[in-house]
Amino acid sequence: MKPAGPILVVEDIVKRFDTPDGALTAIDRVSFDVAPGEFLAVIGPSGCGKSTLFNVIGGLIDGYQGRVSVAGETVRGPHAALGMVFQEESTFPWRTVIENVAFPLEIAGVAKAERIERARHFVALVGLAGFERRYPAELSGGMRQRVSMARTLASEPKILLMDEPFAALDEQTRLLLGDKVLQIQQELKQTTLLITHNITEAVQLSDRILVMTYRPGRVKRVVSIDLPRPRTSEIVSSDAFGHYVAQIWSDLREEATRGMQDAEAHSRRERATP
Amino acid sequence: MAETGRLTRAPALVANPVMLLRVGLIAAVLALWQTVSVSGLLFRDVVPSLGAIAGALARLLVDPGFFGHLGTSALEIAVALVIGGLSGLIVGLALGANRLLGKAFEPYLYYLGPTPKIIFFPIMIMWFGVGPGSKVAMGVISCFFPIALSTAAGMRQIDRVLIRVGRSFRAATWQMVSKIYLPAMREPIVNGVRLGFGVAVIGTLLAETKLSNRGVGFLVINSYSTFDMPRMYALLIIVFMIAIGVNALVGRLGAGRPHIKS
Amino acid sequence: MGRLRALAGMAAVAVFLSTGAAAAADALKVTIGQRGNWDSAVVHLGSKPGIFRKHGLDVESIYTSGRGETLQPVIAGSVDLGIAVGTLGAIAAYSRGAPVRIVGAQATGAADYWYAKATSPIRSLKDTDGKTIAFSTNGSSTHSVVLAFIKEFGLAAKPTATGNPSSTLTAVMTDQVDVGWASPPFGLKEMSEGKIRLIARATDASLVRGRTIRVIVAHAPALAQRADTISRFMQAYRESIDYMYGDGPQVIKDYAEFVGVPEPLARRVRDEFFPKSLLWPDEIKGLDSLMEEAVAFKFVNAPLTEQQTKEFIQISGTPR
Amino acid sequence: MNGARRLAAKLAPPVLGLTTLVLAIILIQILIEAGRINRFVVPLPTQIAASFGRVIAEENVLGRFLLTAGEALAAGVLLTVVGIGLGVLLYRFRLLRLACETWVAALASAPLVLMYPLFLVIFGRSALTMVMIGFVAALPPVILKTIEGLAGTRRVLIDVGRSFKLTQAQQFWKILFPAALPSMFVGIRLGLIFALINVVGVEFLINFGGLGQLINELAERYDLPGTYAAICFVVLVSVCFFAVTGWIERWLRPAD
């Protein structure tokens, strides 16, 4: 095994869905790979099949063409080396923060004392030390999303897979949480694949950005982000940052417009009530 | 700060008027009963005075024989709830987990659910005999339906993302059930058990009124057939109190964690 | 010497206990309808002085709310005997092939009585034209009595189903029905308090006097396999009836306690309403008129043949 | 091709359900004929099927069906009016709600049907008794669901109403009531089911009235196939109620 080779390889993925209007191609011949320690973002407008791609890589859906492999091993079902952070609120409301974070260790059969100890480390890592005994309902949305992230990190995945983890949060919280992610990545050298529709977020965090087209989702362009590391959210005020954002928006604008027109046409057909 | 201040002060402020109102309402109901009883508007012996009912209640509570009957009924109901509850839970989980099974068999459960179970009693006697068996069977068929249906519905209401979380961590099926499905469905299951408890009590006691020489249902019908109305009301009051108590207890179990407002 | 006697005493106790245990081997399960009636209290009252035990029987009684609930367990074989099963119901079950046999009469004639509110102008059956007369439910023995009243006395009264004595009493007292029915001891207290007035007895109808309205039935396979046990039960049953009509005061005391009424009232129930012949199990009377009625109330499609009747009615024990 | 597959997917569940039911009935028939089930406890399914005609023709099933369904329906109308009224009352007066809501919830599991002797006294041995028992026993779910619906109205909708300076009455009829309607409907549907259970149960217990009495009488005559056939009719009533409330619900809430 070559240490320098890619740890995640995605080859020629095609995924179609049956819908009442006929077959719909969600993603079409998507290929890329991720090197160890790399932070890669996949960006695209709503409806470009980002979440489908996320589920395919995470092994949560099958019935697609192509191949996903992790460290040379083909993915069939959820893979131990992949840790997923979901877009939706996904903390267990019946578990405290520490119990949530210890969940993957519990599934793996780690003894109670040890898993609590290890979970404590990850709770501290996402900056929630002191909240161990709280229930999710007692926390803010941003804090809950950090609990989810700590939970996934606690399973010590080789690759962290995140699906718009900050989509439900406000812009300022999102920037500050971005700092947290940067810091964690610095500390753990965590290989990360981030799915997002937020340009600032993608540029702020990534080494490379994959821009997708609107339906069917294809890889439109790959942009390398040569911003210095370690970074913080202050980078958003730099010229280089603005340049990247402008460049990616010019690629995305056309796709987003197509998406919006498509959605309007769809609503007109459905005569959906408000 | 203001929030916590309100939280600590509010119950003290509200509790008193609530208690007052409750006492007032009970007093009003009792007064109404007594008025009807004294007025003779309804046949006197059927609406006995509060004194007569209280006397009967006191006599019941010092009668050790009564607690034997109460124990019999309680045991029958408990066994019925365990058997009916567990089978309801398993069937509910199966129907909720599998779309095909759910669509194929749930309609039948919905049709049989509202069918009054007492009509099956002649059959239950023949199947399970005249002893506690037929009463337990009545309790079981009564509580099976609400528990199975609310488990199946609860299963479908589970936030899908929680299931995906479990799968992403490669939880085994039993881990999914014990660590995700059941805790996530606590509320619908507890509600199902509450409903199930109510109908199990009704099913078991009605069966006892029809055929038995033990149990509270037997005492009720025996008091009625000898026209000892104060004793009958005293028995009903005790049954109601116990039902209300158990219901509150189960309800407290179900309240559990605060909800996340989405 | 004293110790020897004590030992002998203990041995006697041990023997008694072991025979008791041996007797328990002959266990019989029975369902009994109409709890509280004098006629259905035979097993209870006879067990008190140990009459059934003496015959080597351990009888477990389960009371029912009457009618079908007494018979259904017998058909299914979950009890051996059913006591106070309506004769029509037993005939219906037998005619449809159910494994039941009549082993004795339980009530011949009826102790039921009819009454009106004390303030009502009705004093006898003659005053009931255009009024409502209660019976329990369609096809019950009280139904046939009311129909017999109407027929034999040429009444123009309206029969009305009102259910059991309790709901009938409330219906009478709240003027929902003019004439109610009850089975003693129910209502005797109200009668002595002057709240209600007796206007007729079931036996006023000649049809009813000579008719067995309730019977004792056995599960057919049980009867075939345990003929001796059931025969001993019926002997004990007859002995219990003899005891109930003996001079001893204890039986009245036991009955008064059983139904929760004062002793004088309990005595009145026996002496005024239940002649011994009503309880005697030896003969099923009035079978022809019962068959007619069974057809009329759709309990059977056709009367039983002689052959069938012979198989169906097998009086157990030794009739006298 | 695609359409055919979707049709197959749509038909599979009812076909599976029905097939299982038919197979179960056939299995019972075989077990009885083989003597594994006591035929005096469970009659042959073929006998039950054959008895339908007789029961319908001789026992006035249609009339009884209408009586039982009518009683349950009358209880349902009372429930709707009184239950929603009480629910609104409890919602409006917070103190009353705090004092009573848990009581109402607890009453839902109290065996009110055992009170039937009292009802017999007050309302007599008549259809009114069934209606009233059905009504009282089914009241708690309607009240609770009404409160739940009203209390669950989204804050922003109430604020919208206030921004338009609606009067109290307008606020109720234009905002709260429509917002709470789905939940109220769930309550009424539950209530109807409770009412039906109690109506038939009491008919059976006191041997008076519609289908409940029929079952009791047929069991009394030891007409087993007829008894089972009559039970099928009670199930049919509950199927009808289920279907009708389903339609009304869809009609009231087309957007969902």
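Each chain carries a letter (A, B, C and D) given by its place in the written order, and its residues are counted from 1.
Throughout what follows, a contact is a pair of C-beta atoms (placed from the backbone, for glycine too) under 8 Å apart; a residue touches a chain by one contact, two chains touch by 3 or more.
Being a predicted model, the structure only gives us computed values, none of them experimental.
The chain with its CA mean position farthest from that of subunit A is C.
The most central chain, judged by the distance from its Cα centroid to the centroid of all protein Cα atoms shown, is B.
A separation of 47 Å divides the Cα centre of subunit A from that of subunit B. Computed from the mean C-alpha positions, the centre of subunit B lies at a distance of 37 Å from the centre of subunit C. Inter-chain centre distance (subunit B to subunit D, centres taken as mean C-alpha positions): 18 Å.
In subunit B, the positions touching at least two other chains are 42-43, 46, 122, 126-127, 209, 224. Annotation for subunit C: residues 68, 72, 75-76, 166, 170, 174 touch two or more other chains. Multi-chain contact residues of subunit A (touching two or more other chains) are absent.
Chain contact summary for the complex, subunit A toward subunit B: residues 58, 60, 77-78, 80, 82-84, 86, 88-95, 103-104, 106-107, 135-138, 144, 151-152, 155. By the touch criterion given at the top, residues 29, 31, 35-36, 61-65, 68-69, 72-73, 75-76, 78-79, 164-166, 169-170, 173-174, 186, 259-260 of subunit C touch subunit B in their complex. Remark: subunit B residues 159, 161-162, 164-172, 175, 179-180, 183-184, 186, 256-262 touch subunit A in the complex.
Subunit B meets subunit D in the complex at residues 14, 17-18, 21-22, 25, 42-43, 46-47, 99-100, 102-105, 107-108, 110-120, 122-123, 126-127, 194-195, 197-198, 201-202, 205-206, 209, 217, 220, 224, 229, 232, 236, 239-240, 243-244, 246-248, 251. Of all the residues in subunit D, the ones that touch subunit C in their complex are 38, 40-41, 58, 117, 120-121, 124-125, 206-208, 216-217, 219-224.
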